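Working notes, structure below.
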Amino acid sequence: MRIGFIGLGHMGSAMATNLVKAGHDVTVFNRTPGRSQALLALGAHEATQIADACQGEVVVTMLSDDAAVADVAFANDGLVASLSRRAIHVSMSSISVEFSKRLAQAHAQAGQAYVAAPVLGRPDMAAAAKLFIVAAGDPMAIDTCRPLFDAMGQKTLPIGKEAWTANLVKLSCNFLQGAIIEALGEAIALISKAGIDRHAYVDLLTSTVFTAPAYKIFGGLIADDKFEPALFAAPLGYKDIRLWLAAGEGQRVPMPIASLLHDRFLRLFAQGGDQLDWAAIGGLAAHDAEAVQGAAKMSSSL
Amino acid sequence: MRIGFIGLGHMGSAMATNLVKAGHDVTVFNRTPGRSQALLALGAHEATQIADACQGEVVVTMLSDDAAVADVAFANDGLVASLSRRAIHVSMSSISVEFSKRLAQAHAQAGQAYVAAPVLGRPDMAAAAKLFIVAAGDPMAIDTCRPLFDAMGQKTLPIGKEAWTANLVKLSCNFLQGAIIEALGEAIALISKAGIDRHAYVDLLTSTVFTAPAYKIFGGLIADDKFEPALFAAPLGYKDIRLWLAAGEGQRVPMPIASLLHDRFLRLFAQGGDQLDWAAIGGLAAHDAEAVQGAAKMSSSL
Amino acid sequence: MRIGFIGLGHMGSAMATNLVKAGHDVTVFNRTPGRSQALLALGAHEATQIADACQGEVVVTMLSDDAAVADVAFANDGLVASLSRRAIHVSMSSISVEFSKRLAQAHAQAGQAYVAAPVLGRPDMAAAAKLFIVAAGDPMAIDTCRPLFDAMGQKTLPIGKEAWTANLVKLSCNFLQGAIIEALGEAIALISKAGIDRHAYVDLLTSTVFTAPAYKIFGGLIADDKFEPALFAAPLGYKDIRLWLAAGEGQRVPMPIASLLHDRFLRLFAQGGDQLDWAAIGGLAAHDAEAVQGAAKMSSSL
Amino acid sequence: MRIGFIGLGHMGSAMATNLVKAGHDVTVFNRTPGRSQALLALGAHEATQIADACQGEVVVTMLSDDAAVADVAFANDGLVASLSRRAIHVSMSSISVEFSKRLAQAHAQAGQAYVAAPVLGRPDMAAAAKLFIVAAGDPMAIDTCRPLFDAMGQKTLPIGKEAWTANLVKLSCNFLQGAIIEALGEAIALISKAGIDRHAYVDLLTSTVFTAPAYKIFGGLIADDKFEPALFAAPLGYKDIRLWLAAGEGQRVPMPIASLLHDRFLRLFAQGGDQLDWAAIGGLAAHDAEAVQGAAKMSSSL
C-alpha cells in the first residue's frame, strides 16, 4: 500500500521500519531532520514537506501530543488540506479525546476518513512488531488499514465507531499503569522501612500473583530507586494523566487515584524530576517515609 | 507427618484435604462443628478440644483474624499451653504484624517454634494445591514444614527469619489488589459513562497488557456491577487494609491509596455492603459519576 | 469621576449603584438588557455598545468568567480598542491568572493601564459597600481608582505591582472557603450520625472558636441540608477551584485538598447539583455515610 | 466546693489556679512531682496519692490521653475505687469516644457521676479563664459543676446527656483546626512560590474574611516556617486526629480530609518533626513544591 508516515521518534521509527519491511511503499516525514537514514536505506522515501507524505491512501501520524498532531494536520500544506478524498488519516499518537473529536470533524468535512489507532507497548515491543493496537472509527477504513496494523502489532482491537473512544481507552491504560506505580511505591516504602529487602520482595510479588510485566518493570525501577535513563519520560506520563483527568471532567467522573497521580507528578517536577522515567512518582512514597532535608530545614528554623 | 489443623473455612478445608490426600496424619479442629465430615471420610481425625490437635509435630492454624487465632493460641488448653517443646505452630491466617510478633514471643517462651506462612490465592487455588505460600521464621522449622507446604501450594517463598515479615508481605499483596480494584473502578466508571461497553473494555484490557488474573476477576465483577455471592467478603478485605495501615502507622509510612481504600470500605459498609465481595468498593466510583437518590433528595430539599 | 461599568449581575449592580450614589458619572453596559433600570433612575447613563462605556478615565468590569471578560475586552469595539491612552481598565471579576496576564499585556501594548481588583464578599456586602478589594497593578493607577474602591468597599488591600497577583489571592480565598465547606461537611456527617443535633453542633462551633461568618453560613446550610436558592452557585465555585488548580499546575504546587474539592464538584454535578449553592459539596460526606439508592442497586444486582 | 484536681500540665495548672482563686478548696495531684508549688502557695493542698484527691464532691482530671486517665481512674486507689457514691468525676482531657463510654459505665456501676467536659482553648486562654467548656453527662451533675466551669472558662456549652458526645465534639474542633492548617499550608505554598510575600498574604487574609484566631496563629507559624517551640505538640494533634478517625470508623463515616491529615502527621514524624507544633503539617505542602534533597538523591542515582 502507498502510505505516508509522520513522526520518527523511538516508537514511530520502529513502526515505520516494520511497515517498510512488510513491503509497503512508505514516504516518511519528520520535522526534525536526520532521523530517516536507516529507513531510507531500507527503501523508504523521504518527504521534504508534509504534503509529499499525503499522496497515498493512508497517512499514519505518531507524534508526541495534541499540539504536534495539530501542526501537521492543520498546516497550510497539512493533512486536511493535502489528503485526497477518501484517503485515511490513521492517528496512532496518544492524544486527547477533545482533539480527536476535532480531527474527526475536520477530516469528515474534507471528505476524508479518520481512524484513531493508539498503541499499547514500549519501544522494544514496537521494534518486535508486538504492539497492541486499539482502533476506532469507520469500520471500512479500519479494514483498509488491517495490513498496516498487522505489520506493526500482534493484535488489533476494534473498540467502536467513534474514533475518540480508542484514545480514551489508551489513556485509561496509562492511568491503570500509573496506579500500579503508585501502589507499588507505597508498598515498597513500607516493606523496606520494615527491614525487608526490596528486591527479594519484588521478586516474590512478580513470581506469584503479580506476574504482569508492569509489576516487573516498575517494581524493579522503584526497588533500585533509579529512574534514569527514562523509558517513558515523566512529562509524557503526566500529559496522559492530565488528558485522562480532562476526559473525567468532561464526563463529570471524579477519580481520586487519578487526582493523586496528578499531584505526584507536580511534586516530582517541582523537585527537578523532569528527566526521569515516570516510575519516579513511585519513589515519592519512600521519600515521605524517610528523614529528608525538609525536616532538617524545619528543625534548623529555630 | 502427624499434624493438627485448626480452622475449616473455605480455605482451610481445602488445604486440610490436600494434607490428608498427601498421606499426612491430620487431626482437625473447628470451633463451629459440622465442617469436618468430608475430611473424616478421607481419613482425618477429629479433635473435640484444641489440645487434641496439638499432639503432633506441627499445628496449622487457618482462621479469620487476630482474635480467632488468639482464642486458639492462648486458651487454657490452647496451642501455647498444649504443644510440646520444639513442636511448630504454622500460622497461615492473614493476621496483623503486631499479633504475629506476640505469637512469636509466646511460643519462644514456651520453647516452641513459630512459623508465619500466609497464603496467596483464592479457594479454587487452595483446592487445586496451587497456593503460593509466603513463609518466615526459623529456617529449620520452615524446612520441617516443607512437605506440608508442598502438599498445599505450588510454591513456597521464604522471606526472612522474623515471622511477622511474612504477614506484612501478605498484607501488602491484598493492598496491591485493593489498588487494582479501585483503579479499575475509576477507569470503568469513566469508560462506561463515555458510552464504551464495559465488558468489551475489560476484555480488551485483559487480552493485552493487563493479563493478570486480578484484572480478569475484578474487572468482570465491576463490569457486571454484581458483587454477590462474595468470593472474598468486603469485611475481610477491610480487615487487611486496616492491618496494613496499622503497620504503616507503626513504621510511620503514609500511604494515600491505602487511606483511600479504607474510606471506600467505610462508605460501602455505611451503604449496606457488608455481604458483598470486596470488589464492590470498585463500584463506588461509578456511583459517584451517576445520578443517585442522594441528589434527588438534595433537590427535593427546597 | 467619569467611568464605565460593565456587568450588572447581583454583585455588579450593587457595586455600580454605590458608585452612582457616591456622585460618579457612571455609564453602564450589560450584554443582557433590562438590568439597568434602577441604576438609570439613580442617574446612571446606559451604553448601547461597549465603546460607549469607554469614554471616561476608568472602566470597571464585573463579569462571570474569563470568556465574558474576553468578549468585552477583545471585541472590535471592546475595551482594548476603545479606551483612550492612559485610561484604566479595573477588572474586578474572579478570573484566571493566565488571562489576567494576557489582559495586562494587551492593555500595556495599547498604552492603557490595567488594575486587577477582585473583591471578597457576598451580594449583601456589595450592597452595603462593605466589600474587601484586593488590588494589584500600577500603583499610580490604583491611586487614581481609590475613590471608586472607597465607594464600593470597606477596605482596599494592595498586594503587588503585577496585576495577576490580586487574582491569585482572590482564588486562594475561595479555595480556603471550599476547604471550610468540606471539613464542616465531614464533621457534621460524623457528629450527626453519632446522634448529636446538627444545629446545636453548629451553634456550639460558631459561638466559641469558629466565629468567622463562613462557619455560620456554610454550617447552617449543611446542617439544614438545603442548598437552594444558591447564594454562590456551585458552577462558580467549581470554576474558581479549577483556576486555583491551574495556577498550582503552572507553579508545580500539588494541593491535595484542592484536588479533593475538584472531585467533589464533579460528583455534585454528576448527581444533578448544578443549581445548588456550592456549599452542597459539604453535603456529600453525609451521603457517603448514609444508606443510599446506590447500595440498594448493588444488592438488587443479584 | 471541695474538689480534687489531677493533672498539672500547662493547661491543668492554669485551670487549677483559677479554681483556687475562685475560693474552692482544691487538692491537687500530679504523677510527676514538683509542679504544684505555685498552687500550694495560693492555698491548694497536695495529695500524695490519688485517693487523697478523691475526698470531696468532685474530682477534675486534665491529662494527656486515654492511658493517663485510665491510670488514675482504674488504679487500686484510683477514682473509681476511691470516690464516694454520688461524687462526680469531671473528665476535661481530650480522650477517645470509646474510653469515655468505658469511664461512664465504670462510674455508673460504682454509683458515681461522670461528666465529660473537654475544653476549647490554648494555655493563654486557660490562664485568663477564657476557655470554652463543652459539657455532657447527667444534667444535675453538670449543674453541680457550674461554679467550677465558671471559674475556668468564659462559657459552658451543654451538648447532651451522653458524656461521650462532648468528647466527640471536642475532637471535631481539633479536626476542623487541622483542616485549616492544611488548607493554609497549601495556599501559602502556592502564593509564595508565585512570588507573593507570605506575611503580607496572611495579613491580608486575617484582616478581611479569615479573622478567626486560628488563621492568625497558624498562618503566622506557616508563613514564618517556624514551628518551635510547640504551643500544641504534633503528637497531641496526631492523637486527636486518630481518635476522630476511630470515631469515624465506629460510625462508618469516611472523612477524606481527616485521612489526609493522618498521612501528613506520619510524614512529619518520619522526617523527625515530633518536637514541632502541629502547625508543622502545614509546612509540608511547601516542601512538596520545592526542590529538596530527595530530588537531588534521585538524580544522583544514575
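Chains: A, B, C and D, in written order; residue numbering restarts at 1 for each.
Keep this in mind: a residue touches a chain if its C-beta (ideal position, glycine included) is under 8 Å from a C-beta of that chain, and two chains touch if they have at least 3 such contacts.
Owing to the predicted nature of the structure, the values given are computational and were not obtained by experimental measurement.
Engineer: On a CA-centroid basis, which chain has its centre farthest from chain B's?
Structural biologist: C
Engineer: How many Å are there between the centre of chain A and the centre of chain C, using C-alpha atoms for each centre?
Structural biologist: Each chain reduced to its C-alpha mean, chain A and chain C end up 39 Å apart.
Engineer: Could you work out how far the Cα centre of chain C sits from that of chain D, in whole Å?
Structural biologist: Inter-chain centre distance comes to 36 Å.
Engineer: Using mean C-alpha positions as chain centres, tell me how far chain B is from chain C in Å, no decimals.
Structural biologist: About 51 Å separates the centre of chain B from that of chain C.
Engineer: Do you know which chain D residues sit against two or more other chains?
Structural biologist: 248, 252-256, 260, 263, 266-267, 270, 288-289, in rising order.
Engineer: Which word fits the touch map of the chains here: line, ring, star, complete or other?
Structural biologist: complete
Engineer: In the complex of these two chains, what residues of chain D are touching chain B?
Structural biologist: 248-249, 252-256, 259-260, 262-264, 266-267, 269-270
Engineer: What part of chain C is in contact with chain D in the complex they form?
Structural biologist: 97, 120-121, 132, 134, 155, 157, 159-160, 162, 165, 168-169, 172-173, 175-177, 179-180, 182-184, 186-187, 189-191, 193-196, 200-201, 204-205, 207-215, 244, 247-248, 251-258, 260, 285, 288-289
Engineer: Per the contact definition, I'd like the list of chain D residues that touch chain A in the complex.
Structural biologist: Touch list, chain D to chain A: 224-228, 256, 263, 266-268, 270-273, 275-276, 280, 283-284, 287-299, 301-302.
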